[in-house]
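Here it is, the structure, as structure tokens.
Chains here go by letter, A, B, C and D, matching the order in which they are written, and residues are numbered from 1 within each.
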Amino acid sequence: MINKADKDLKDVLSQIKDGATIMIGGFGTAGQPAELIDALIDLGIKDLVIINNNAGNGDHGLAKLLKTGAVRKIICSFPRQSDSWVFDELYHAGKIELELVPQGNLACRIQAAGMGLGAVYTSTGFGTLLAEGKETRHIDGKDYVLEYPIKADFALIKADSGDRWGNLVYRKSARNFGPIMAMAADVTIAQVSKTVALGELDPEHIITPGIFVQHVVQVQPAHSNVAAIA
Amino acid sequence: MINKADKDLKDVLSQIKDGATIMIGGFGTAGQPAELIDALIDLGIKDLVIINNNAGNGDHGLAKLLKTGAVRKIICSFPRQSDSWVFDELYHAGKIELELVPQGNLACRIQAAGMGLGAVYTSTGFGTLLAEGKETRHIDGKDYVLEYPIKADFALIKADSGDRWGNLVYRKSARNFGPIMAMAADVTIAQVSKTVALGELDPEHIITPGIFVQHVVQVQPAHSNVAAIA
Amino acid sequence: MSHTLLTRDQIAERAAQDIPDGAYVNLGIGLPTKIAKYLPADKDVFLHSENGLLAFGPPPARGEEDPELINAGKEYVTMLDGGSFFHHGDSFAMMRGGHIDICVLGAFQVAANGDLANWSTGAPDAIPAVGGAMDLAVGAKKVFVMTNHTTKTGEPKIVSELTYPVTGKHCVDRIFTDLCVIDVTMKGLVVTEIVDGMSFTELQAVTGATLIDATQA
Amino acid sequence: MSHTLLTRDQIAERAAQDIPDGAYVNLGIGLPTKIAKYLPADKDVFLHSENGLLAFGPPPARGEEDPELINAGKEYVTMLDGGSFFHHGDSFAMMRGGHIDICVLGAFQVAANGDLANWSTGAPDAIPAVGGAMDLAVGAKKVFVMTNHTTKTGEPKIVSELTYPVTGKHCVDRIFTDLCVIDVTMKGLVVTEIVDGMSFTELQAVTGATLIDATQA
């Protein structure tokens, strides 16, 4: 009997080792798996490659992970933000490598990995600095850039509810990169606010079928009353 | 105010002209838009290119359309079935052109069109007769075939419920090609069993957002009691 | 002659007039988001946000903010009845696949051939960041640009050739500035409207590319 | 020696033993679908169907058939609690993307290098049809083949090189026949089990490719 929700957070994350490539879901803080990131920091591993839309905000979550010096390289679309001082400092000090990818190409390359495609021709970025040195092709009257899949060893994502087979549903704009990252990683670890019984998720409404998810970890919802659980 | 559900079936279909390329949803009879196909036959147009997983069964639906001689070419994955006599006869008589595409490549090429990709490298079909003459490439230890998007002027699909903005939900395995065909056609026409008020479809559960749908037509459910509506 | 510059709100109001009923529209972060409040209530205009929203609505009432219901600018929004959620893959398929009718973007520069620069000033020590800018520029059926006509220091933003790094080539269709409305055509930059009190000659003088006058047409 | 051929059900039962708890499995149309009834109830094995089902269950009771709940073989099925529906794109992403653990297919021929032929006999006037055969052959992490060891007329189906058109190259991992179990390895075709009463020499005699005997291992 398969129960993907039977391990605690620390046990699940302990399989991640130095040098891993890790996708982290979220757009801003919506959908960011804050508790998984905190546990990843506690692991103390290093030399990581991180894939996320941004490069951390403030001093928490992804920014905190960067601050520990654990991240060798980040692949993202928008590192520079008003509160991205942790990344900014590392970048200017030459302590982190940046691969800048247009957001839609980031999504598409993650999808290509999940779909098992070898490469795709995308129109985004043609003629720009971000396509320099890349193969291009004129197809049916339009110019395209050849882009390769972005895969990962692990995906850390946040969903609303999950069951023991790994089926997931999300909440509002917290869905963002979760479903496509789950498809592109060897091992997907989803933190959920609720673990529900098998069959409670309507088969018509499941957004990520369990085949794409290896572990489900229930965490206290971040927006719950801290006093109540203390 | 936009109401994509305000026209009757005949009015909606009248925009389809000779020579059109038309995707038709369905896998077997599940998800086949039977009433749209019947109306398409009534139009009496010709020289059509049809994209479907199969090439018709028995004497109804797609098979009936083929029988009228309206179809110049069919793009499908599995034309030969025990009851595909209409197609078989046309094919042997040289009266219809066949482009045979592996089912997953059919899906993927339809997706590529919807996603605006110029072409994709897919592993399916490499080294087979169906990839003869096609460009190939060895990427990261694996062989791929270059495949181009399949677009259409129209997609005729079947959904369970739809609203006046074109949002759709499907039913069980009748979903199949519907969502991806809706994304790949200039004009998508969805027949639904139920038209519901705006807001009745939960935004978390909508499978095809209205942006991909131009017309919603409510038809009498095929499995309703014929005597009762006669 | 003397003229008055359009305010940012007036540019937004003018641009809103060119968005038809039923349009699927992405409003870029910053100035373009102002358009939302000038869309007439009797039109159904569907606002798309890169992070997986279609048909989102105005900001929520105070105290009703949901940290999981934000737009691409990371502002709190609401959903209209008939709106939907989807993942980033589908969201950019809407864009790249040509399903979005109109995208409205800010600009550092627009060139006479429709090239757009809005993602990088090319400053050597700046941290590069692109977000969805390049996807938006090439994906939508029509790309509108909303911008001041010149920089704060009076340099033209509409130029014969870009000096900033390009975001998308040949992608801009129409430009709304605080001075005029310009269509980017095969023939060149066609001015269709100028603010009251400004002559075509005066407009040309503050523009870095040759304009064609169609204000009398 | 004398031996008894395994029945179709016995081949299915044997193949079912090699499907581990938690496996995501696609059972090809025809003979492989028989495996479903030999999967032990204490294992969670997730059956995938190309037309958009995961974790479907046994056929419905008579009168409970739903024309919109069918598998890729167009047979009526049911859904298990925890099953899900998705579109054809996602369904083949599961396959092509390497998310399916095991795919079990029928075969016209399997070659010593793992090449599979199961979609066309190459007959000149036959109507070609491929369905999901090529996707299944290259997509799954492991491809099992279930087949009679020889054709009805006694021709070998396991051959040194295919004479029928190929479905997928180097794709087969294990072969279950009515006579034996064979692992396709870098070294060649390794026989791990033979039916009682048959010698390796006898098996080799009805096989069109060189076999390696590992039944004593």
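The rule is short, and it goes like this: contacts are C-beta pairs under 8 Å (C-beta built on N, C-alpha and C of every residue); 3 or more make two chains touch, one makes a residue touch a chain.
Quantities reported herein were computed from a predicted structural model and do not represent experimental measurements.
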item	value
For subunit D, the least number of touch steps when starting out from subunit C	2
Between subunit B and subunit A, distance of the C-alpha-averaged centres to the nearest whole Å	33
Mean-CA-position distance for subunit C and subunit B (Å)	35
Gap in Å, rounded to a whole number, between the CA centres of subunit D and subunit B	29
Residue numbers of subunit C (touch at least two other chains)	79, 85-86, 89, 92, 95-96, 139
Residues of subunit A touching at least two other chains	108, 111, 115-117, 122-123, 170-172, 203-204
Chain-level touch network, classified as line, ring, star, complete or other	other
Which pairs of chains touch, using the document's own definition	A-B, A-C, A-D, B-C, B-D
In the complex, subunit C residues that touch subunit B	21-22, 24, 42-44, 46, 48, 54-55, 79, 81-86, 89-90, 92-100, 139
Touching residues (chain side subunit B, partner subunit D) in the complex	27-31, 77-81, 84, 87-88, 91-92, 98, 100-105, 107-108, 110-111, 122-130, 143, 170-180, 207, 223
List of subunit B residues in touch with subunit A within their complex	108, 111-112, 115-123, 137, 139-140, 142, 144, 148, 169-172, 203-205
Residue ranges of subunit C in contact with subunit A within the complex	49-53, 66-72, 74, 79, 85-89, 91-92, 95-96, 120, 125-135, 138-139, 165-169
Subunit B - residues contacting subunit C, complex	1-2, 113-117, 163-165, 167, 183, 198-199, 201, 203-204, 206, 209-212
